[in-house]
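The letters A, B, C and D name the chains in turn, as written, and every chain counts its residues from 1.
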Amino acid sequence: MTTAQIIFLVVAAVTLASAFMVVTTRNLIHAALWLVATLFGVAVTYALLDAGFLAVVQVVVYIGAIAILFIFAVMLTRKEMRDQGPQLNSGWWISALLAVLTFGGLVGMLWGWRGMDTLASEMPVGFDSINALGDALISPNAFVLPFEVASVLLLAALVGAVYVAFNPRSGDSRK
Amino acid sequence: MTTETLIWLIPLPPALAFFLIVLFTNKNKALSHTVGVGAAVLSWLASMVVFFRALSVEHLGEHPFVSSVNWLPTGDTWFRIGVAIDPLGAAVLFFVSITIFMIFLYSVGYHNFGQPAGDHDRKGLPPHGATVTDEHGHQHVVPSVEPMYSRFFAFLGLFAFGMYTLVVSDNLLTLFVGWEIMGLCSYLLIGFWYGKPSARAAAIKAFMTTRIGDVFMLLGIGLLYSLTGTLNFREIFGNEELMHTLATPGTTLFGLSLAGLIALLLFIGTVGKSAQWPLHVWLPDAMEGPTPVSAMIHAATMVSAGVYAVIRMFPLLSLDHNTMTVVAFIGTFTAIFAATIAVAQNDIKRVLAYSTISQLGFMIAALGIGAYVAAAFHLVTHAFFKALLFLGSGSVIHGMEHGVLHTGNHSVDPQDMFNMGGLRKKMPITFWTFLIGGFALSGFPLLTAGFWSKDEILADAWANGHLAVFITLATAAFLTAFYTMRQITLTFLGEPRTKEAEHAQETPWTMTVPLMVLSVFAIGYGWVGIPEDFPLLGGLLPSWFHEFVGGTLAEHPEVIPFNPVPLTVSLVVALGGLLLGWLYYRNVNSAKEDFFQIPLLKNKYHFDEAYQVVFIGPVIWLSEVFTKWADQGVIDGILHFFGPATGGIGAFIRNKIDLPIINEFIGDGLAAVTQETGRTLRPIQTGRIQQYMMLSLVILAVVGALLYFMLGAGL
Amino acid sequence: MNFIYEHLLLVILFFPTLAALVMLFLPAGENKLLRWFAFGASLVPFILSVWLWTQFDPNVAGYQFEAQYPWYEALHSSLHLGVDGLSLTMVMLTTLLTPIALLASFSINDRVKAYMMLFLFLETGMLGVFMAVDLLIFFVFWEVGLVPMYFLINQWGSPKGEREVRSIFGKFTMSARNYASLKFMIYTMGGSLGLLLAVQMLGVLFGNYDLQYITANWSGYTKDLMGISVSTVKTVAFWAFVIAFAVKVPLWPFHTWLPDAHTEAPTAGSMILAGVLLKLGAYGFLRLVLPLYPAEAKYFAGALAFLATAAIVFGAFASFGQTDFKRLVAYSSVNHMGFVVLGIAAAASAVGTQDATIALNGAVLQMFNHGLSAAGMFFLVGVIYERTHTRNLDDFGGLFPLVPVYGGILIFTRMASLGLPGLNGFISEFLVVRGSLPLLPVYTAVSMLGLLMTGAYILKGIKQVLHGPLNEHWAHGEHKLTEINTREILVMAPLMILILVIGLWPAWILDVINKAMMMLF
Amino acid sequence: MIPLSWYLIFAAGLFSLGLFGVLARRNAVAILLGVELMLNAVNINLAAFWRYGNVADMTGQVFAIIVFAVAAAEVAVGLALVISVYRSRNTVVADEIDMLKW
């Protein structure tokens, strides 16, 4: 057991536990907060994988924006739900079974794969992954087009979200 | 100015006058006739200059005045048009310019210039007279001015242009241009009083009848042009090799030589234009035109053009014996045929019209027997005396109309000779000039021009051994003298038969001056053609005409020796006819007493009716057939089969295939099956997103497992 | 200026379309503005074609002012334009008649904008045919011209009249203008089906549609095609071309669309229809049939001449039999265009001889002349129809005293149509007769019967309209016939001047035609 | 050193938990929470494969970035939809939002 392994196992356990709480806790606010914890765990995992940029983006975008958005959404819709009543469907055990089966299936499939025990090679000396990522994103030979498409997608989502969430009864002064 | 330039200019003034009057001066009567008469004077002056210059040239026949320009490009070469004056052209130009000038002058008076506008006159109808109040308060009816006065001068101008063009042309095409323009003018002038249905019909009849001839003539021109590559008279006739080729007998239809065929086609044009049998029917009807000016145009000038054209083409004509025979036959037959009809006519102008046809027949017959100088001579003299007669008859009618206006009895026909009588005293100038013209027409011996020219034709016929022609023409000449005397007697001699005739009046100077001028020529022009060896008179004056016009051809026609037989015959028929006419008709007072009112003659041998049945009826029937039956029946019928047939096929496909099979069975059937299936499967759609997802996961798992085990087993 | 000169044909061709598109943005109700705009716009191509005429060198063989623009690369078809003496004459005719027709249309008050736009589109369509040096372009413009004409007849045709269609399936009725426009469209399209197929075949065979290239190679082509002997293919293709053009000319027995279409079309539509559209067919004969199929044309010259003679004779007879003034004039077009084809047939039988050249000169000049006189005639019929709302000859008669100026113009134009020497029709008819007579003597002689009947129906027209006792019905009150007005005289004036000028001095135009014909054949 | 399999199994677990949340939770917002978990699991995989493959090839990371973008978009639109539905139907329970059924 190396230090890295121990760190990984701890992080993984915390992350999975938080994730479990996300899907099971009754209070949605709590669920959202557990999600923050999970996301944070994933960010640490990225760091472990030497993907520093991803780790930072994970924290900034997921925790800083998405999770907060969830909390807002929960608060906006919470009035009726309170915390009463079941938070799970009546057929939740089928879902659980399916989830377990999926996990089993995935693990089972992975088990026979030869690359399972591959170890990470050393990072090349002087290799700056952030620099390389930046190059890849804006290089015409690489991913500038998907990158731009993603930005268009975001813009479309922005417009769409505003349009969908817009309340014509309260906010539309034109009517 | 060179003579050639002058010749080019001759036809121009009348054409300019036409455009000036039509476009600008048509509202002003005085200005219009000034322009018209002025143009006629200019052309006349130019013609006289050309004529006298032509006289001064020796051997004009070999060295005529010619000038030409490129006109139509035809492949590598050009078709050239131009002018030429040779002896024949000069002679014709002489009489044409004088008569045209006289006509213009005469028209001023005839259309009552200076008289008030009519009370009820309308455009398109002859003037009916105007009521005027004199200083004493009496109301008179006086002749009224023609409502379309200016237009008449415009038409006359165009007509003169056509005639001059025809005369000065050096080629057949421009001759044809002038020919057709005159055809148009004759149409316009005959139909001048278009308000009268009879005039309207006569105009069309004239145009169509002459057009039959013209169409053949055009074919002839086309044929000649394509065979020789030119239409220039001199180039064709001067080319002996070509003429020889054309004369090769038996190469075309009916065993005619090419020359014969072309000449025949061209001659048919003349038959139409010069109103020869069987296309003579239009000329008498053409008298519907304004009396008598347009009639005079048709009779004295335009119809001469037909003869002129044949004389022009004489070298070609004479190449084929068969064509010559046809020409001689048609001429001779027309001469006697028209003369017999003329005997039975009562309308003063119609008598003259038939006499014109008959006289033209003389000329054509002369050409047919080869006496082309005689024909040309008769052409000129006839033009003078027939113009005189027509103008004279117009004067008579004008005088009679005066009488009609005076009495106010419009039922009296001012043109019927049986309504006249005794006009000698009322209209002395008209009488004397008419008498001169009539005697010239009859061939009154020695004194008149008609005698010399007619005598020459008879002499030629006799000398060349055409006995049948000689006898027929002599008979026709006798009839001519007879009906001319009948006309003079009925019109001028004896006592007035009606009140109107009593009140007839002499016509104004613009009408009588032309009469006097023309009567001078009707007498004097004969003297230029007295044969050299004529007893007593021969040699007193040189036989100028024969010398001059005979020089037109390369080969100078031989002078026929004097023979007493034709001279005697001519003397007998002329004097005999005149005498018999006077003796018989001085006692006849009405149409009923007239022995010669034979229905067959009176009805012109029923040619009009026959043509109506044989030609016009079928044409109208055919035209109906072509529209109603062929186009709208057969062709459109076939098309109308396709339209509805396509529609029918469409309907069949729709009703029998599309609707039952495709729509109901396949289309609706599939829809029903789909619908039923959908209805059955509908409960699956719970609308719950998580159930969908679970289902898809289960299916994914099952399919994935299947694939994994099956493929995995295979791998 | 330099740009215009270099692309002169393109500018002439598309200026009307451009103007029509600009018209889209003009206010619809401003009839006066729309009329003058369209008229002014149509003058531009005319002025440019006069310039073209002056710049054109008749002594140079082949096309001039050639210009090639990419169009359909995949098919190797390009917008290849060019004019020679033949097309130049026709371009002149088109650009001359369009402004005149537009000026004649000033009395149209119904949907002026659409009407004027259609007319301008029509001009482009017609000009395109005359300028095309590419078979596919030729065909495209050939069909383009139909569409505006269809709508002009269908929408602005004479509103009255029902047409009873009888067939073996029974009878039904439809409005006359509907019937006429449909007939016009279907007839022409049906005729050009074979043309399309034949054009496609040539295109496939040679890999491009360039007219010069195909002309140079096709007549000498001897290999079998698709397993069929080349002579069979050529014969079939020849007849496909001939039928397409024969419908348009129209030749007997493909002519029955013409009286209907002419009669129902609006006045200016008839003018253009008779003046230019009929020429497209004859132009097709000269531009495509004779150069592409010299051997077949020679072989079938007799058949063509037969149809032409039939058109001349039957057209004249049928015209004589009409009681409808406009229909009478319409049938006269059949008669006159017959002479064009007679000349072409004669030339086909002996290409290269002087007779053939003369016949062709006559045919082309006859096309131009008929354009002038037929346009004039239809306009004059329109003038009187506008005032009286009837075309029945029996309703007229005795109008001369009421409308002397109109009468004079009518007689003048009718005489031009009759072929009176001194006016233009004579020159061309004489040349055709002169050229055809030695080559096809029998047909030419028979066609003289048609020439005779031409006189008959023309005089009938004059007699029935103008002559006769004063017509009281049209003389007074609300029916009072008014004299032809200044605008209408202005429409007729250029036509009449040209008729007279060509009649007296034809060399200026005939020289261009003659040289073109010499070099073309 | 950590073998690749650890990351993969970790990601699989995270994914399965997310899947359970998506399938079992009633609240629409909670379903979206589950979706986020699943997306994170995928991202872990992408990052891991990048690290254990050719480091110079940035495809894995780029994909992860794009997944971030998609996730952000999805959340924004998804939550907007939820709020919109909540306004009109006054519920966020997924089972009750079944207007799309037959």
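One rule holds for everything that comes next: a contact is a pair of C-beta atoms (placed from the backbone, for glycine too) under 8 Å apart; a residue touches a chain by one contact, two chains touch by 3 or more.
Every value quoted in this text rests on a predicted model; they were computed, and no experiment measured them.
K.L.:
Which chains are in contact with both chain A and chain C?
P.N.:
Touches both chain A and chain C: B.
K.L.:
Which chain has its C-alpha centroid at the greatest distance from the C-alpha centroid of chain D?
P.N.:
Chain centre farthest from chain D's centre: B.
K.L.:
If you tally contacts for every chain pair, which pair is highest?
P.N.:
Of all chain pairs, the one joined by the most C-beta contacts is A-D.
K.L.:
What is the distance in Å between the mean C-alpha positions of chain C and chain D?
P.N.:
75
K.L.:
Need the CA-centroid distance for the pair chain A / chain D, whole Å please.
P.N.:
6
K.L.:
Report the inter-chain centroid distance for chain B and chain C in whole angstrom, where each centroid is the mean of the CA atoms.
P.N.:
Computed from C-alpha means, the inter-chain centre distance equals 32 Å.
K.L.:
Taking each chain's centre as the mean of its CA atoms, how far is chain A from chain B in angstrom?
P.N.:
110
K.L.:
Multi-chain contacts only, two chains or more: what residues does chain B have there?
P.N.:
690, 694, 697 - these are the residues of chain B that touch more than one other chain.
K.L.:
Name the residues of chain C that each touch 2 or more other chains.
P.N.:
none
K.L.:
In chain A, which residues are in touch with two or more of the other chains?
P.N.:
89, 94-95, 98, 102
K.L.:
Any two chains that touch count here, so list every such pair.
P.N.:
A-B, A-D, B-C, B-D
K.L.:
Give the list of chain B residues in touch with chain D in this complex.
P.N.:
Those residues of chain B that touch chain D are 682-683, 685-690, 693-694, 697.
K.L.:
For chain B, which residues count as touching chain A in their complex?
P.N.:
690, 694, 697-698, 701, 704, 708
K.L.:
Can you check the complex and tell me which residues of chain D touch chain B?
P.N.:
19, 22-24, 31, 94-95, 97-102
K.L.:
Okay, in this complex, where on chain A does chain B touch?
P.N.:
Residue positions touching the partner: 89, 94-95, 98, 101-102, 105, 109.
K.L.:
Within their complex, state which residues of chain B touch chain C.
P.N.:
22, 70-77, 122-125, 173, 176-181, 184, 187-188, 191, 194-197, 200, 203-204, 207-208, 211-212, 215-216, 218-219, 221-223, 225-227, 229, 619-620, 622-624, 626-628, 630-632, 635-637, 639-641, 643-645, 647-648
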